[in-house]
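Below, chain A partners chain B and then partners chain C, in two separate complexes.
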Partner chain A sequence: MPDISLKSMTALGSDDALSETFGAITISERPEVAIASLAARSDAPDPISVFGLSLPGPGEMVSGDGITIVWSAPRQWMILGEGRGEQDFASDVKAAAQDCSITEQTDGFVCIDLVSNSGAQPLQDLLMRLVNLDPARLAPGCATRTLLEHMSVFLIRYSERRVAILSMRSSAQSLWHALSTAAGFAAHRAEVRA
Partner chain B sequence: MSRLPGGLIDRGRTHSFTFDGKAYHGHPGDTLASALLANDVRLMGRSFKYHRPRGVFTSGSEEPNALVELGTGARREPNTRATVAEIYDGLVANSQNRFPSLSFDLMGVNDLFAPFFAAGFYYKTFMWPASFWEKVYEPIIRRAAGLGSLSMDADPDAYDKGFLHCDILVIGAGPAGLAAALTAARAGAQVILADEDFRLGGRLLSETHRLDDAPAQNWIESLEAEFDGLPKLRVMRRTTVFGAYDHGVYGAVERVADHLPDAGTGVRQTLWRITAKRTVLAAGAHERHIPFANNDRPGIMLAGAMRAYANRWAVSAADKIAVFTNNDDGHRTAIDLAAKGVEVAAVVDTRSWAKSRGDYPFYPGATVSNARGRTGLVSIDINYAGGTERLECGALGVSGGWNANVHLASHHRARPVWREDILSFVPSGHGGPPGLSAAGAATGRATTHAALNDGARVAAVALSDLGIDALLPDLPKAEDEPATSQPYWHVPGKGRAWVDFQNDVTVKDIELAHKENMRPVEHLKRWTTLGMATDQGKTANVTALAIMASLTGKPIAKTGTTIFRPPYTGVSISVLGGGDSGQNFRPRRLTPTHVWAAENGAEFVEAGQWLRAQYYRQPGETDARTSVDREAAAVRSGVGICDVTTLGKIDVQGADAGAFLDRLYCNAMASLPVGKVRYGLMLREDGFAYDDGTCARLGEDHYVVTTTTANAGLVYRNMEFSRQCLWPNLDLQLISTTDAWAQIAVAGPESRTLLSRVVDGVDLSNQAFGFMACRELTVCGGLRARLFRVSFSGELAYEIAVPSRYGNALMTQLMEVGADLGVTPYGTEALGVLRIEKGHAAGPEINGQTTAQMLGLGGMVSRKKDAIGSVMSRREGLVGDKRKLVGFVPVDRQKRIVAGSHLFSLGARHATETDEGWITSACHSPALDSFIALGFLENGSQRLGEVIVAANPLEGSQVSVRVASPHFVDPEGARQRA
Partner chain C sequence: MLIPHPLLGPRDAEEFTYMGDASLIARPSASDPGAEQAFSDYVYLRDNPAGVHRELWFHEAGDRSWIVVTRNTLTHEILDAQLARDVALASAAEAGE
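And now, the complex of A and B:
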């Protein structure tokens, strides 16, 4: 392991990952997630799997053993590695998919988790304030790219209670503002209803 | 007036509120209008033009008269309709458009000058002199005529927005809408039921109709209970669907907290964009009135509204009322109010064949010809065959029939069609928003029975379109009495008879418009202002065009309507804005070293969405130029560091990556050796230059392209277009990595020394890592990095890239280990100074109107290969342009040159014909201790040394400048190769 003398900083500009709770929803920055993009070479056969996971089709994601794969475009995928944010993840992916073009994207994006502690509804109430997506298109196992407050984002639905958002790292603070504002309003609304 | 019995108000609780400073009481369930009527307040506003006293005219969102200001301070909101404002404890309401008070309004003098304010008076009166319009006439008109006023303070409330998706959107929760929603929800469809009211039921709330021989409220309550258990049905009260947009998207505003004293930490309103596969428009109908002389007296209102106030809100505008009608519906008002103990003085029916339907004085074949009472109705004149009679009454209900509410069905420029049998426009069924079908009274099927069944039927058809089988629900038995309206449009006579109350348009105005040939409905609208302003003529338009039809002799069907457009009712700009303003109005991008820069005195500047350090102010530096000069000088003499992450980075991989880049750049890239960087220029299809940058070859089939900050998105988009559409057969993979790498420029004669202190064991000597070299390496103990030896400043310089999370720490590290070298952070201003001194083109030079040849880069456009724009760059018009990029030094070196100045020969007139070019960039050069500039000049390269004029006619200034080489510093380029 290299002994790097530099200290990393999260996309939100601090030493530690930020986390905040609004009603049933907790929003957390996930700097430990590593990301690499994978694109099939046109002269190579369609890749079938990476790290033992089948590459998903449009609008889908697969996840297992700390790896998540998201379809991003025809013959292109985003590979996420849990707990590998400080590593040279792209090299690992390259080793696992030598016929493909791999590009390091760990710091191209900020990864933020939205987790509900009370089933799917609070997450649904929040997402409908953020993205113009039919909830049916974001069921568990779905992943898609869409617009959120003028920012391009990937939404990855891990489970009923958890969605991960990937967005440009440089606009992490704007994304955090958008998420926390909407979550605050949604929580207030839920409180009034209850 | 005490309350009548019954009604849907909560008498157990009381709300206090004020109107024009006076305290009143009402109950939950009241609107401001019903509560004011319950407190004997009939006068609620003043008219737009003549400042005539006005009372409430309707009981819904179509209200033209009772417009008030709600709230105080920054929360004051003008032009809200008292008829839909729910009261709450502490509500503050004020009348508007009056001075000094509502009951005594000095501007009422306008009424005396009414003959001068007839239709089209703006166009006729204020023709001369033209210069008076803006400074004299318009301010006077705006002060005299108008609605409420804004607080001029920033809106303190919060707003948000959201997106909803459904199979069926039902607009309106009256009998048709409820039946439609019930049908669709029971079928298991995803359903949204939206209504602008705070209660479900629509017109059922205002009538005494019985459903299955029980009060309608019973049925509504049972439905609400069932709705609560249907998870796929979303019931949205207080939600106005205001427009139908493309692709089945509807705009809606939910008034989340307008009915609460305080929104707390929540939002006031939410803007919803609803994507609906099918839509059932069950918006009901609006009653129309019958204009007669002085029909705008407070106390005169629509008969249906009078009935609604009595039945739903248990209030009457007066103890003694009369009704003027041309249909059976007016009789209902008399019957319902009489049942509540209100004295009915008369029912005046224009139909001679009509029969009385209750125990009240009845005048068949008669009309109301005049009304008296300046600030409240006192009496009416009744005209009948052989006589006139004056009758005392405090309120008059007028019914001229009902207009189907075709508004949303007529968006997308659909034209409703006239049905003579029911005297109403109805949706034609084609040309409107796709997937939208009207049901119930909105399409003329207006009895309760018809509305219920039509709602269910239309929903079932819509569901069937979506492949969802639906059973028609068991609907309650309801009244099914057909409408029997007589086409009676206005009472002829001498006095002014109002058609459009809000805009003070009378029958006479329409007659004048006809006389002046403003006959098509769109002309009629503009000439008279009919149908404009907040109510958009909902109670006036059909009556007006029927009057116009009678004047022209054309049938109503041929006269047609004006175009219907969103919004259906007024929508606040704040909610359309969606919430955020100021700093968060749009996303901001921060560089990886932003935190460090902020801690070290950086002044930031916006570069598109990015915030970049413009310069770093040091203690004692009072003006920006001092800081910028210091930073630029430090780079020339020692070493400076600057975050250049914002420049676009695009990862290009694949066997055909080189061939692809050869087609994009006008110069060759395939021939670039691995481990080298080349400057590249991209042209547009039309041959003009559009972006420049560097291209580094990291491997046989791996390049990294850099773009300008401004064009990062554009270049990537064009590259994707080329990859996907122009040359899909190339083996090529593209992806942006702009954000992934923090890139820091290290520039100046000491840059090699500084960098060698952070890179891990790599020989940076000129022999090992020469000018325009690049490689992957590690820094600071093993961190992966990329190093490029490129120079924007003309000095020995590098750009070092590390994963973005380490950018801030690398900046700190470079500052620490370079302290003895005098390492200086520099911002975008110094970056600009350095590149102007060096004569490097940037955005101001590559502005989309300049060519490679003009930039002095004509030789870069390779003739050995084709690339986008290469051939077009050789066309005559572009090759013939003699303007060239050159430098300029003021004759008086301390005289500032303004970028954007135009260039003229000495002694020439300053005009377009004599214009010889323009200044693109200008700065103070610390290296030359002089102001300098770059610009394009006619035959510039042959005019070195000539003195010309840079003129700034906008500011009336000019400066004499000497033409120079654009390379002010180190023209041979020895420094960057050192």
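And now, the complex of A and C:
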């Protein structure tokens, strides 16, 4: 057998995760996040919890012990595992929810974090530029799917200062361009005002 | 235009795709007598009201729900929005009674 060693690339085509700071906002690629989707079967009762976390209702998310669960559609959820991007996460989810249909999603999505280092306001200002949603519906604990520059994205509001964005892996560069352009512009505005 | 999603609250119409008249939910049965005429009507005949209209919207860039929206086509006022699944189940239950 020839010795073949393969090294994975991130969604943005680099060996290492890209991270860039614009004023108060840092944008970081998160290749270590594993993703799987969970769908309840029509002939099975509604699942209640996975990995000890209660499955959230419409527009909500729950997070704990490195696992995040996002409501994606009626009787469907997205499950994120921190630091498990290079493991068979879908099998772990299947073992934890045997009555449900589980689909591997890590290879289909890119995860990018937006973090503010100066309170909630810079993140709020940036989100208002990016998505057409009522800011009150993007409070911590909210998660929803919407459009960002014509791309379908999940927005996951972990806290006042942090939101994660999941989008199609094949358009990761377009998402990065949209986020960095908006964040750069917002940082420039803040500088001019100050 | 904002569409009041029954689960997710008001959402921009850009997230939705218009999928036609809500009467499309009532698909005729192929085994009934007169199915040919019923399917011809189902496929080709539509009301085109200037006023209150029941229509199907698909939340394509959201949770992928199909929604029955009751809308006034003259004013764009939205009078009601329900999950199409609930509407179909309710009419099936009514027919079964």
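Heads up, the rule we're going with is that the second predicted complex is superposed on the first by the 190 of 194 C-alpha atoms of A that agree within 3 Å, B and C clash if a C-alpha of one lies under 4 Å from a C-alpha of the other, contacts with A are read in each partner's own complex, and residues count from 1 in each chain.
We adopt the following convention: a residue touches a chain if its C-beta (ideal position, glycine included) is under 8 Å from a C-beta of that chain, and two chains touch if they have at least 3 such contacts.
All figures in this text were calculated on a predicted structure; none of them were measured in a lab.
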Touched partner set for A:Ser37, first chain B, second chain C, both or neither: first
Touching partner for A:Ser171 - first (chain B), second (chain C), both, neither: first
Touched partner set for A:Thr21, first chain B, second chain C, both or neither: neither
Partner chain in contact with A:Gly59 - chain B first, chain C second, else both or neither: second
Superposition-derived comparison: chain B or chain C, residues of chain A touched: B
Which of chain B and chain C A:Asp134 touches, first, second, both or neither: both
Touched partner set for A:Ser159, first chain B, second chain C, both or neither: neither
Which of chain B and chain C A:Thr181 touches, first, second, both or neither: first
Which superposed partner A:Thr10 touches (first chain B, second chain C, both, neither): first
Shared contact residues on chain A - chain B and chain C: 132-134
Residue ranges of chain C touching chain A (in the complex, touch as defined): 7-12, 14-15, 61-65, 83, 85
Touching residues (chain side chain B, partner chain A) in the complex: 158, 160-165, 256, 264-267, 273, 275, 579-580, 584, 586-592, 594-595, 609-610, 645, 651, 653-655, 729-733, 735-742, 778-784, 802-810, 813
Of chain A, residues touching chain B in the complex: 1-11, 13, 31, 37, 39, 41-43, 76, 85, 88, 101, 103-109, 128-136, 149-151, 168-175, 177-178, 181-182, 184-185, 188-189, 192
In the complex with chain C, residue positions of chain A that touch it: 58-59, 71-74, 132-134, 137, 144-147, 152
